[in-house]
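Following are the structures in question.
Paired with chain B in one complex and with chain C in the other, chain A is shared by the two complexes that follow.
Up next, the complex of A and B:
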């Protein structure tokens, strides 16, 4: 019951957010110069043909009617037809989902595996925040070096000296697991650098803040071992801000890492949406943006649920 | 002016990393402003050296595929990257401060609408918005500014709103209300000065996010268009010759990373000084 009362307004807010997202995307697409008729028929369109297209796609209806029809078809899973392949866009996205999912999990896994222990260690060891310590340097570099710079350096290194990794030439994991990892680990690593910095800095700050609390002093005074204090008091209390940034990061990863996918030719959401833009196949761009925002909102709702699980005080 | 000097010296003395950030930021801003006046070479002169020539004392960053010296191009790029991001972030700060203060002070319907709006904007991944905006406005500097403003607006709205909420309940605001001050006067005279600190801190982070977005868009070919250059578009140019002329990608990438890092480090130092006990979040 507590959980339900806590979650219900959040689900409602998420639905409103999604509705707002859909309105903005709809309006943006109507603002594309020329409109559908010009894009479909090219520059030598006759007024009659333009009229026919407008009627066929309901473009002569009032805006609000158009939006309503569009929204209804979205809810039925119809994200539009690709102008290039003439197939439903959503199938193309579903086909590419495993790629983006794998990339997101590799990046998230690396970010957690490196960022968490370093963050906890540097938060516990340092009471203050002055001075030059390794965690701050790693955090500053990871948060500042853009992914395409890291990616370019990695591509340069691994294409000049042919080490184990491969650049480009994606193969599905089910066809060739080793070959898949050879192509996916480098982009995953590239994406994870920002995540490592994010997790590290957030964990460090959260731990630093928890360390000033009275119950830590009390635990030390009771003579609990450092190991027990870290496990029982610090980690659990420092978890919430870490969960927040990790879910935000994961939500953005699942939307498709445009730059890294383009750079490494990884056929996921990001590359597909980018190519959609280059081909002026706007149904793909529209679906890509909608899916990314939808996934992001859904992931953040999951985070709200996690808060309530981690911290019994939430929502009571 | 005196406060500016006070802040610079304070950051300078705080620790080695912050001092490094401040020094490189000042150097980059100096290069961005006065670059065209310095004797570095002409960024547009074709065949100033060999094509795709390696770094030499005359062309420290090598030359590009048209034989242009790459160092003046990078200096040109620094200017574009900083300028575009700064313009976008200032626009975002003005709108964000206004909306955030209105939401925090008026509450109720205004608050709900602004907070929801910020959530909606925050749900869009920046680069996918970049693709959408490029479809609507066409690729270019205006699109880049729009994307950066959209991406950083929710961050500013949220911070300003939460600071306003805490200030709005304080005695001096109530006193002004009782004295019959108008809402506009209270917002401008009593609340704005109190949110400025938080806005300043958030601005530096927004600036670094803006630089990342601008360079990513330019790297994808959706931002600054040739013959203009930003650090991102130079990296795009260099990545085409990555294996035969790596100095182009490496030099523009290194300068870009340094630029973003120095902004971040100065931002960290300012935040540590303003809110000594509060942690810093990236989001």
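Up next, the complex of A and C:
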């Protein structure tokens, strides 16, 4: 009951957010100069041909009518048909889901595997002595170097010296697990660098803050071992802000990492949406953005739910 | 009787941006088993630093510049980590000012109490301990999270955790300051009852002279990082020998008659950056003379108490002391 009352307003807010996103992406797309007809037929198209294309896809209708039709079909689970492939776009997204999902999990896994232990260690050590803190340097670099720079550098290095990895040439995991990892680890690493910095800094700050709390002093005063204090008191209390950023980061990853997917030619959500945009294939871009937003919102709701589980004070 | 804890000439400073801040400037305090000692002083007098120093619980910025501190035969200042942990676990019990912050908000009370008891105590044993701390519904309390308790209940939980391993020395730093006035007396009574039961020494640090004096055997008044007067409660309160103790009594509410004014102590407590080469109280003292401003007073025993004042005899003879007696 407590959880329900806590979550209900959040679900309502999520739906309103999604409605807003649908309006935004719809309007933004139609404000980009050039439409599908221009892309398909080239610059020397006759007005009649353009008219025929527009009529065929309903693009000649008033914008409000177009939006309404889209919204009604969305509510029926129909994300529209790609003008280029003439197939339902949702199938294309489902087909590409495993790719984006795999990339997201690689990046998240790396971010947690490196960021969490370094963040905890860095936070706890700061309580003792000062000096150059390597973890802080890593955090600052990871947070400030954009992924297209990291990706480009990695592509440069591993194109010259292969060193087991492969740049581009994606193969599905089910066909060739090793070849799949060879192609996916570099983009995963590129994506994870920001995540490592994010997790590291958040964890470090959270641990530092928790260490000044009275219950930590109280636990020390009771003669608890440092191990027990970290495990029982510091980690759980520091987890709340970390869960926030990790879930947000994961939502961002699942929405499709456009830059990295384009850079490494990874056929996931990001590359697909990007190509849809180049072709002015409205249904694809609309569905892509809305799916990304939906995943993001869903992930954030999961985070809200997790807080309530971690911190008994939330929602009561 | 051999002392339980001996603090001699303890000097502790905090490193700050601008030099250091000397919180303890040669503190002496000797605790014997089974007594209740009230350590009284304003904020900044060094009493909390003293309390935390006994368990070596001071933050990293604090460091000891001299003196000795031993508890139950352990040299606290030079003990290694394991010895120190064993001392904290088996000999010391701490009760903090704010019980809510002393309990982990994400852990059920029962589990926290069980941790304090050590081993794997059963529900019955945990409930028995909570009952000893006078919690009326131990079953409900141990299933609760800290935020579901009232301040008084939370403080009783903290007290239960402090006595869980039969400590020889219980240190309570402003144990009632964050609680409603109506339950302060009850918490103090509980602490004293438990002291009697366990035979522990109880040290209560407080600014509220009158409240804790009623519940103590001995009072140690702190000012400027030193214990300026130390003796049996009746001795000190009936006829204070240090002008600061006298001023504290005049400033404290509780014994005044209708229409009588309370006398605030003018000025501010000192913040020292190094050893005080004068009497720290001299700037605020009505008895102060030239000697007080130039010569550091040393402890001496007069009229059955230990006092740090050049003119303690004058303070004793002052009419204010007679009025209060």
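Just so it is clear, the second predicted complex is superposed on the first by the 271 of 316 C-alpha atoms of A that agree within 3 Å, B and C clash if a C-alpha of one lies under 4 Å from a C-alpha of the other, contacts with A are read in each partner's own complex, and residues count from 1 in each chain.
Simple rule for what comes next: a residue touches a chain if its C-beta (ideal position, glycine included) is under 8 Å from a C-beta of that chain, and two chains touch if they have at least 3 such contacts.
As the structure is a computational prediction, the values presented were derived from the model and not from experiment.
Taken together through their common chain A, the two structures put chain B and chain C side by side without a clash. Of the two partner chains placed by superposition, A:55 touches none, neither chain B nor chain C.
Once the two complexes are overlaid on the shared chain, A:214 sits against chain C while remaining clear of chain B. By the touch criterion defined above, A:311 reaches chain C but does not reach chain B.
Looking at the shared chain after the overlay, A:73 reaches neither chain B nor chain C.
Chain A is touched at more residues by one of its partners, and among chain B and chain C that partner is B. Once the two complexes are laid over each other on the shared chain, residue contacts for A:21 go to chain B alone; chain C is not touched.
Angle at chain A (Cα centre) between the Cα centres of chain B and chain C in the superposed arrangement: 80°, in steps of 10.
Contacts of A:279 after superposition on the shared chain: neither chain B nor chain C is touched.
Looking at the shared chain after the overlay, A:85 reaches neither chain B nor chain C. Of all C-alpha pairs linking chain B and chain C after the chain A fit, the shortest spans 12 Å.
Of all residues in chain A, those touching chain B in their complex are 13, 16-18, 20-21, 24-25, 28-29, 31-33, 129-132, 136-137, 140-141, 143-149, 152-153, 155-156, 159-160, 197-198, 201-202, 205-206, 208-209, 212, 241, 244-245, 248, 252, 255-256, 258-259, 262-263, 270, 273-274, 276-277, 280, 282, 285-286, 288-289, 292-293, 296-297.
If you check the complex, the residues on chain C that touch chain A are 55, 57, 60, 85-90, 92, 94, 96, 98, 101-107, 115-116, 145, 147-148, 158, 161. Across the complex, chain A is touched by residues 14-17, 21, 116-117, 119-120, 123-125, 127-136, 138, 208, 212, 215-216, 219-220, 232, 235, 238-239, 242-243, 246, 249-250, 253-254, 256-257, 260-261, 264-265, 268, 272, 277, 279-283 of chain B. Contact residues of chain A toward chain C in the complex are 127-128, 213-215, 217-225, 228, 232-233, 236-237, 310-313, 316.
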